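By written order: A, B and C. Residues from 1 in each chain.
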Amino acid sequence: MSLFLTQLMIGIGSGAVYASLALALVLVFRTTGILNFAQGEMALYSTYLVWFFTERSVPVWIAILLAMAISFVGGAAIERILIRPVEQASPLVLVIVTIGMFLAINSIAQVQFGNDIKLLPRAYPNKTWLPGNVQISSDTLVLVGVLIAECLILYLVLNRTKIGLAFRAVASNAESSRLVGVPVGRMLMLGWAMAAAIGALAGALVIAPVGLQGASMQQILVYAFAAAALGGFDSPVGAVVAGLIVGVVGTMTTQYLHVVHDIELVVPFGLILVVLLFRPAGLFGTTRVERV
Amino acid sequence: MIRFAIAIALVIAAAYLFGWYIPQFYESTTTYLWAEAFYIGVAAMGLNLLTGYNGQVSIGHGAFFGLGMYTTAILMESHDWPFLPTLFVAAALAFVVGVLVGFPALRVKGLYLALVTLGLAALFPQLTNRFVPRDLCKTCGTSQVGELARVKLLPPSWTPTFIHQPDQWAYYATLTIAVVGIVVLALLVRSRFGRALIAVRDHEAAAETVGINVARVKVLAFATSAVYAGVAGSCFVLVNRLANASSVSTFQLSIEFLVAVVIGGTATVFGPMLGGFVFVFSNRWISESFPSRLLFWHINDSIKSLLSPAIFGIGLILLMYVLPEGIVGGGRRVGATALRRLRRRVSAPAAT
Amino acid sequence: MNSDVCEPRLSKPRMRPLRVVALGAALALLVAACGSGRNDTKGTTDTTAAGGGGGSTPTSSVIDTSQCDSSTLTEGITGNTIKIGTSLPLSGTYAAFSGILQGESAYFSYINSLGGVTVAGKKYQIKLVSKDDAYDAARTSTNVNALINSDKVFALFNNVGTKNNLGIRETVNSDCIPNLLIASGAVQWGNPKYPWMLGSELVPYPLEMQEFVDYLKKNKPNAKIALLYANDDFGQSYQESLQQLVKGTTLSLVKQESYNSEGSDVKAQVTDLAASKADTFVIGATLLACPAAMNAAHDAGWKPVTYMSGTCVSKLLFAAGGDGADGVLTVTPLLDPADPTNASNAAIALYKAQVAKYQPKADSSDGIVAYGWSTAATLQKILEASPKLDRVSVMETARTLKGISGAGLQLPGSTWSTSKADWFLGEDFQLVKYNKAAGHTEAIGTITSLDGKTAALSPSALLNS
């Protein structure tokens, strides 16, 4: 039993990361309707920034906040400069633009900061508690805590502020919002900015315990994609729940399902397929009614 | 008449260039590179049939590619088959799996479909690692333990004498497959089936009302495009002498195919092949011929290989700004505008 | 066969009327083409040409050279320059191995500045051509084909990765290209069918397991072992040898888990292993998976006797392992450049000074850079021991090395030898323990020498696979 709970905690820890990144994907998707392949690499770049600052003896938390602030601006700039000109293009063109960004950001980060492994300090003491033989590490607690904080802040911003109202209006119908005077462009930038900042935070936290290198975010992005698809691309709640599901299912299959040993990915993607067959817009996504 | 002559001349020049000049005068490094461009182009053509003509986005065609790759590698390595017959087995298998994947794809649409197919590609190396026994195929896998023996890669005895090296055989085989692929695709998109594909893409419900069996068309589109990818995968074995599943995983091949389709032009016959060429050769150019010094910045080999995706990625973004319809589609638009302007200028004085 | 390429082939096409149209374009192309005709002498298809061509094929007592084309044996040597090629990951998950290239480049720059290597009384400069393969075997194959046919390198050197080198073995065999000092401790380099492959000084993985099992027999005879291994060939080397070695001993292998070698996420696996009540932990992983495994074990409150793959010997990876890295055992054929007590050692001082001079961005206290440096030094020793500078002689020399010592950071007192019956170099090595407080490894006991024993200690199915 304690082993089960331990694996559950580990699963929740990695699930929290997938959830954060999936949340970023959903924010971008809801505002600009884009599946952002470069989300992981944007987070990677931000994490390199954290490393860059800590190398110059900036305290870790400050470094993370700085990197988040830069990412916030950077995300908005990417939307304005790179995405806006092709806003009206076909979805495939947008996918290719984000793939271009994926390649470019990854390689620029490695050229700029070097392709060796970087070690990031943790922003908190590394501790493990063993209540009743269940292993709970400070890594897991921080990741989960940060996820909860992200959700709270997002909820408050989106549902309790004027900007949030405008943001939701744009997400649900950009054309109508434009007509009633909502600054649509600025809201789209805000979506990308928030996504980039969330990604930066998730990246810095998940990479600190394992080491940073050029390919660090790619596996995580696949899982985040899985989470976003499972939860429904337009649902932040879905992203969080599905992220946790994907994380927990991953560790549980490693522990208990030896049939799928070495093919653990079967489980999350099998799950997606099954869910999508019954709910084509994901667990929490809204089904769009097609007009004929 | 003049246009016809020009067309014929172009075809012959191309036939000479591709059929004789490159494989007979260049080293294997170059012929293999061209062969790679051909098979990437073939796979992209297949994806284009599905994505461009039928509107179903897949970022998992690497899995079908891998299927063809493994089939050919296993048959050539463990069963001593020559290359060509393996193509038919690979195509048949890809077709069957394509149908199987096509069915759930009827219900899952758009980005969700893309994500499910991404899962397919991500799973391929894991599944094959687990279920393809090592003894059956030493040259397969993420941890393959060998290379196909040179004897198995030699051209078969019936080929003319000017095909005498493995790389020339690989080149001619992929070239032939590419030509056949283009011809079949051109016929296909002009056929009833092709028109049905486009009708389903443009308006599913309307297509249904005019009597098109939407489900059948969509599943067939999936299966046909899988066949293209599978056959391209078979060619990979001839060119790379092994069946490496790492290339299939997640972000590599499947994305390359999509990039090739969009660079070349979606829903065009020649676009994806052209896109494949641009993809393969620009990457090669960047990694080989990029200047070692930019202003005050000295770029050593190690930095160059790190930097090349950036240059390609930025190029890709710029291309999407300039020619969002791809090279062929964009070329057509530019050409048509120029022609219209020309006509107007010619006809304007006549009117006054 | 080359020189007549243009004329007879031009006359062949039948002149149908329409062809005339294309002739103009075709001719233009052809004119350009004749400047760079294809060189196909290096084939194996024309078996008649290989045997009956110009010059006699050199014979070798060690390698079957009947396939080799004698006219290409000195390719890659122009004037006083020897061109060698290497393919390794400079990008992607395994990009950290690019430290190897830094070490190699520093060594060659250093040796070239002294005039170069001396082969058969003549001095040669070494020119190293490197290509990035991102650890993808298909790209290694493309790279190697380009290195052989376009760059025309004399030999391949220190290509990284087990699968990557297995994927080119037919090519180097049929083209007779020495693939020297492969950066992998796999035992397949002893497969007699592929004589052009030679592993580097990295300790063969089964010997690592042998050393650790011997250590356990002495210090922990009832050890219950848990194994984590990569789900690729590299990981399987550890798994298969360990399974074979514990048979018939009081040791037991109680649990094993594999992880996906494309990533480095091993937390769930290690947690499962920790729960198995094993008291000994073997990490058959590489790069970031090593520290991840040590961290996960530490997080689980598990304190086993831990053995970590010798491929992870790197200051950085130990540091990344945090508290979990303290006391971890591993083996190395080289001195630890991070150990301050070694600072007075002349080899270390030279290494540090030259790396600082030629590769200022490299971290000279990192084991990966030190490995590149030492392997380059080993190549120099091989070349200088060769009586003649051609591919067959060099390969034959590499296969019959008599006691190399003092190559780069090679352990003082150790010798690396090969012979007709023994194709492995790195059979002298040191068991070491990482001391976290000091930040470097410490030797345990004396140097182990298992010279000539690799073949006997390896699962034969693996060796001959």
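Some observations on this one:
Convention: a contact is a pair of C-beta atoms (placed from the backbone, for glycine too) under 8 Å apart; a residue touches a chain by one contact, two chains touch by 3 or more.
The shown structure was predicted, so the numbers you read here are calculated from the model rather than taken from an experiment.
Interface comparison, A-B versus A-C: the pair with the greater number of contacting C-beta pairs is A-B.
Using CA-based centroids throughout, the chain positioned farthest away from subunit A is C. Per-chain Cα centroids separate subunit A from subunit B by 31 Å. Averaging Cα coordinates per chain places subunit A and subunit C 38 Å apart. The set of subunit C residues touching two or more other chains comprises 90-91, 98, 231, 260, 262.
Subunit A has residues 107, 110, 115, 214, 261-262, 264 in contact with two or more other chains.
Shown for subunit B are the residues that touch two or more other chains, namely 126, 129, 302, 306, 309. Those residues of subunit B that touch subunit A in the complex are listed here as 51, 57, 104, 107-112, 114-116, 118-120, 122-123, 126-127, 129-130, 205-206, 250-251, 255, 258-259, 261-263, 266, 302-303, 306-310, 312-317, 320-321, 324. Every residue of subunit A that touches subunit B in the complex is listed here, in rising order: 29, 35, 82, 85-86, 89-93, 95-97, 99-108, 110-111, 115, 214, 218, 222, 225-226, 228-229, 233, 261-266, 268-269, 272-273, 276-277, 280-282, 290, 292. Chain contact summary for the complex, subunit B toward subunit C: residues 5, 8-9, 12-13, 16-17, 20-21, 24-30, 32, 36, 125-126, 129, 134, 138-139, 142-150, 154, 162, 164-166, 236, 240-242, 244, 246-247, 249, 287, 301-302, 305-306, 309. Every residue of subunit C that touches subunit A in the complex is listed here, in rising order: 90-93, 95-96, 98-99, 231, 257-258, 260, 262-265, 267-269, 271-272, 275, 287-288, 291-292, 295, 298-301, 316-317, 319-320, 322-323, 361, 363. Considering their complex, residues 3, 6-7, 10-11, 14, 107, 110, 114-117, 119, 126, 128, 130, 135, 137, 139, 209-211, 213-215, 219, 250-251, 254-255, 261-262, 264 of subunit A touch subunit C.
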